[in-house]
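Read from first to last, the chains carry the letters A, B, C and D; within each, the first residue is number 1.
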Amino acid sequence: MSSSVRICLVGAGRAAKVHANSLVHHIPGGELSAIVDSSREALNATAELYGLEKRYLSLEDALVANDFDAVVITTPTFTHADLAVRAAKAGKHIFLEKPMALSLEECDAIIAAAHDNGVLLQLGFMRRFDPEFTAAAERIEAGDIGQPMMIKSLTHGPGLPPPWARDLTTSNGMLAEVNSHDWDTVRWLMGSDYERIYVEVANFKGDAHGVKTENFYDNALTSIRFKNGGLGSISGVCPCNYGYDARVEIVGEKGILQIGELKGQALVICTDRDQGLITPIYRTWPQRFEWGYIREMKHFVECVQAGIQPKVGGIDGRWAVAGVLAGTRSFLEARPVYLNEIMKDERN
Amino acid sequence: MSSSVRICLVGAGRAAKVHANSLVHHIPGGELSAIVDSSREALNATAELYGLEKRYLSLEDALVANDFDAVVITTPTFTHADLAVRAAKAGKHIFLEKPMALSLEECDAIIAAAHDNGVLLQLGFMRRFDPEFTAAAERIEAGDIGQPMMIKSLTHGPGLPPPWARDLTTSNGMLAEVNSHDWDTVRWLMGSDYERIYVEVANFKGDAHGVKTENFYDNALTSIRFKNGGLGSISGVCPCNYGYDARVEIVGEKGILQIGELKGQALVICTDRDQGLITPIYRTWPQRFEWGYIREMKHFVECVQAGIQPKVGGIDGRWAVAGVLAGTRSFLEARPVYLNEIMKDERN
Amino acid sequence: MSSSVRICLVGAGRAAKVHANSLVHHIPGGELSAIVDSSREALNATAELYGLEKRYLSLEDALVANDFDAVVITTPTFTHADLAVRAAKAGKHIFLEKPMALSLEECDAIIAAAHDNGVLLQLGFMRRFDPEFTAAAERIEAGDIGQPMMIKSLTHGPGLPPPWARDLTTSNGMLAEVNSHDWDTVRWLMGSDYERIYVEVANFKGDAHGVKTENFYDNALTSIRFKNGGLGSISGVCPCNYGYDARVEIVGEKGILQIGELKGQALVICTDRDQGLITPIYRTWPQRFEWGYIREMKHFVECVQAGIQPKVGGIDGRWAVAGVLAGTRSFLEARPVYLNEIMKDERN
Amino acid sequence: MSSSVRICLVGAGRAAKVHANSLVHHIPGGELSAIVDSSREALNATAELYGLEKRYLSLEDALVANDFDAVVITTPTFTHADLAVRAAKAGKHIFLEKPMALSLEECDAIIAAAHDNGVLLQLGFMRRFDPEFTAAAERIEAGDIGQPMMIKSLTHGPGLPPPWARDLTTSNGMLAEVNSHDWDTVRWLMGSDYERIYVEVANFKGDAHGVKTENFYDNALTSIRFKNGGLGSISGVCPCNYGYDARVEIVGEKGILQIGELKGQALVICTDRDQGLITPIYRTWPQRFEWGYIREMKHFVECVQAGIQPKVGGIDGRWAVAGVLAGTRSFLEARPVYLNEIMKDERN
């Protein structure tokens, strides 16, 4: 059996715990060895959960100790480029949560640092590892529905994102923080890159939540024209109040394919015909993508052990960021925006 | 176009209104022409709804006036034999609600009277006309799931039946009043007659409802061995509280077939992830079998116009009664009961 | 009971037969009395089906005979204005199939003619009468999901539309011919009018079908901003190959509501675990909206009998046409188009 | 963290691999340390899969080496009592696959040996750990559907069981080998023990499969009366051909609860309206109960670490065997059989 991959968690929040749980409980080849967070409280709380003794207030400190092989970065987006480049330069393989970064320049810096230092880079697009999404991708690949013509993806999340994640100046807003996965999914399943983007947004709940941020929106509807002529739609609603909702629908030349459903469990109860049937809904993203999170981290560990590139990487993360940037410009300027206005180099 | 079939409703209760509604609103060839009920209040109330002027307190009175071609009998079971025989002798075609009668002797009398007087006899097994049940029957007939091996049918109704319908001495109880359709369905779809019957019953709510009737039960679970070796299961729960529920599941040598579902409408709502998704359930039997009721009456009218036997008749009604009688004896004596203990003449 | 409404079918094609079927089989108050079609063959074929003796090659001829109270117009869109105005001037009440007309001027002419001649005008938006759509509208009205924020509606049809219906110069294309109902639905359920429209289209199958028409498209994805700030999405695919598909999803401030589903019948079959479960899909629009078609015509007949305005009329038809015109300009000019560029008078 | 529990697999077949997979990939506290099988070929094949070096042809040999804490027994039923008693006497904790044993005497011997030697005993009823089954149990416990009145459970398996598993003389047949879990589930969720059992069986496919075993059956329908007056139904079909199917439905005084569904994945595809929608079905039991298998083994390891009794043990296994024995006698003698004919000591 391959030797264990020693991993340093960079970030100690909710996503960090999801990955720590995968590593500790489901991935024998991955060894949680250290944790970094600038908040001593969060650092200790998460470290205690997993019995982690090596705790650092910065990645720099952790790199001095230098007893791990890879990092799992789950900090806020605006810190990604700095942390990832630093890790790459220290020769650490990188699992980087989405969104990749705030700008294409930052994405490029990360990609270059990984390449130049010979480290592997995997983006946290766990939907690519969800059993239903992967089965769907295989069906499309096999030609079961013919060439995709129109693909719709949605992510609706229950609660209001934190301030930095809803402010365009610190995060690119909900198009990035809520819809990152959708940007990746539609490009992946359409098998083509974006050509132009049009976005409409709405702010229905900002006032009620006391959000005064400029350009805040809680509903976004994105239209995409792909280079192959296909059409795409992404919708984001956050907070949507009713649960966690992530579904995709694809119409191909030969038929339709639906991925996912609102229902969170095959359990139905009825006690009142005036109310009707009640079925559990997915409450949270860790619940909906339980297997996806386990499998993506398992893939990362196996890629590091085998020294091969993960199947979702920097270019995929960069395209999602490009879509977000084009989309944001679109709703700010109320016009469709071409990707070539945003990207000089449409590498794929 | 054929001339109208003039129909006299015998019985003015809920089932009468369902059939009147079909005749008035959906079946141009059927003309509602008279109504009979021994309760003047019910008689007038239902007659008003449909603008019926010919109102009689007894079938005898109606037969004196004699200006209709057929009767639709929806009175309590214990009145069926007398009314149906009387109508037959007057040359009136008969649509008879289920259960056919209380005993096989009564069934035989009805069948003989219809035969001897040359009138048509249709039993009110509307599930034979439901779009889903008929599509399923066609699939089975076409061999899609192979020879049926095991068939399960259930009917759960929301409310407590009236006193006469829950007392073995006046109605054969819930096996007859709630499960009549199931008896017919399993025999129809299995394509074989019952060989022996075993029934378990339970009384969970009688006390709470103040029901003191001897041998009252509100749950019944029937096991059937068919003559072709197949197995059957019927469950009845009434009152079940939660809605109206009628579903069937068949396992054949090649596969499975499910008919119906709890869900009453393709409408889903969710506003609270702690509660989950809410979907309407069927509230009542007229709602679940809306098309079945229209189509069975349309079939009756067309058969009368064409002078041909309806596709579900006296023999079908008689078998359902035989099953009920065997089943009742089974739970009273706590043993499986063979149909040949009940029927000397297993005509089919 | 009210006296019968005598109806003249104008048009003898598929939609005419759907309405004739409703009138003959399900609506006692409506009497099919005459039929008009410029094709003698279609005229006679449909007339035979319903035993209609009064057959005319033009509405003018029928109006000379003048023995009906109302018209049901199902001819191609480009004939609507002329026929509807002619019928109005003759004092005939009008049931007019969607799309209402080709231009706002034509819509205005129809509305004015109906008003000036005191005749009723109902548009053929049968989804407003579908049990699931109406139940959903009641839930929204009751505030169950709060203020709608985002609404998505789709119509995918199985086959290639006829040449006139896919040519912008004769029909406004698929946005009008396939998505007319969606335009009405999103406006109805959002409770607000369109402010601006953005449309992306694609042509995937034109070549394979030998369609050389300029600006032909078989996929359309529409984004709508409503005046109340809400967002809307409409998708159209035709031919989609896989069945008839019409579904709506609404996210409100308090939750989500889904209307309809792919499944056409509660019937499931499985005989091969490599293939999986098989469930019927809706094959056609008359099948999906069977009750909607019956109920909309029943509503029309009752409105004529009672002399009251139908609940969906000329203004609704006009808004749908306005959306189509804005949407068409949008994809031709690759920019969002404001309704006030199209409509001088945004009457509602 | 607790020290690892060293486990010896006893049996190297399919179930052994399922548990080995859980231990190796998902349960850090469980260490796979040895494997036993009397077939050298099976022994080596499975050992290779998990890199196991300690391989024994008998449990006796393994006990001599004596470097493990617990056994996971997955051998055929007729070997269970001997192996479990032997392991208990050697002080090894026991995870024992269902069915527990062939007779109540064997069950008693196992229970006594575990008790007398102070070892823990868990039965392999993984449905007690399935997320949907446990959520349902919590709902029932909370009173959401009131007192259960009727419970139905089914297990249909795709392929013909091996010869020993379909012969009454070596295994108690399908009631034991296919329906073991159902016996446990209905008793667990009803919260009451069986009072009497009635079973009907059928043999539809034996001839086609060349099975000549006496009393072979491939369909079984069990009726249960519980001591609390509740009713139960268990159906077994094997081979059912169409997939792996395990579902439960419970009607309580206040309402209904459904657990599970035919559908194996939230993926729908349609390319042909004549065929309809296609959705994956569960193919196998390891797929359906993926989480259940992981969680039951995790529970066993944690109980061993903590020294506490597992939540499903010998008494539960013994009741399932008692049900099977009563059921077998029932169909052989064509009468309901009371549990007190089978069990002198109805311990619970």
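FYI, a contact is a pair of C-beta atoms (placed from the backbone, for glycine too) under 8 Å apart; a residue touches a chain by one contact, two chains touch by 3 or more.
Source: prediction; values computed, not measured.
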Message: Contact counts by the stated rule: is the higher one at B-D or A-B?
response: B-D
Query: Going by the average position of its CA atoms, which chain sits the greatest distance from chain B?
result: A
Inter-centroid spacing, chain D versus chain B (mean Cα positions, whole Å): 41
Field: Length of the line joining the C-alpha centres of chain A and chain B, rounded to whole Å
entry: 56
Message: By the touch rule stated above, which residues of chain B touch at least two different other chains?
response: 241-242, 254-256, 258, 262-263, 268, 270-272, 280
- prompt: Taking the complex as given, what residues does chain C use to touch chain B?
  reply: 1, 24-28, 51, 131-132, 135-136, 139, 144-146, 254-261, 263, 265-272, 280
Query: For chain C, which residues count as touching chain D in their complex?
result: 158, 241-244, 262-264, 268, 270-273, 275-283
Message: Taking the touch rule as given, give the residues of chain D at its contact with chain B in the complex, in rising order.
response: 147, 149-150, 152, 156, 198, 200-205, 218-219, 221, 223-225, 229-233, 235, 237, 240-242, 245, 251, 253-256, 258, 262, 334-336
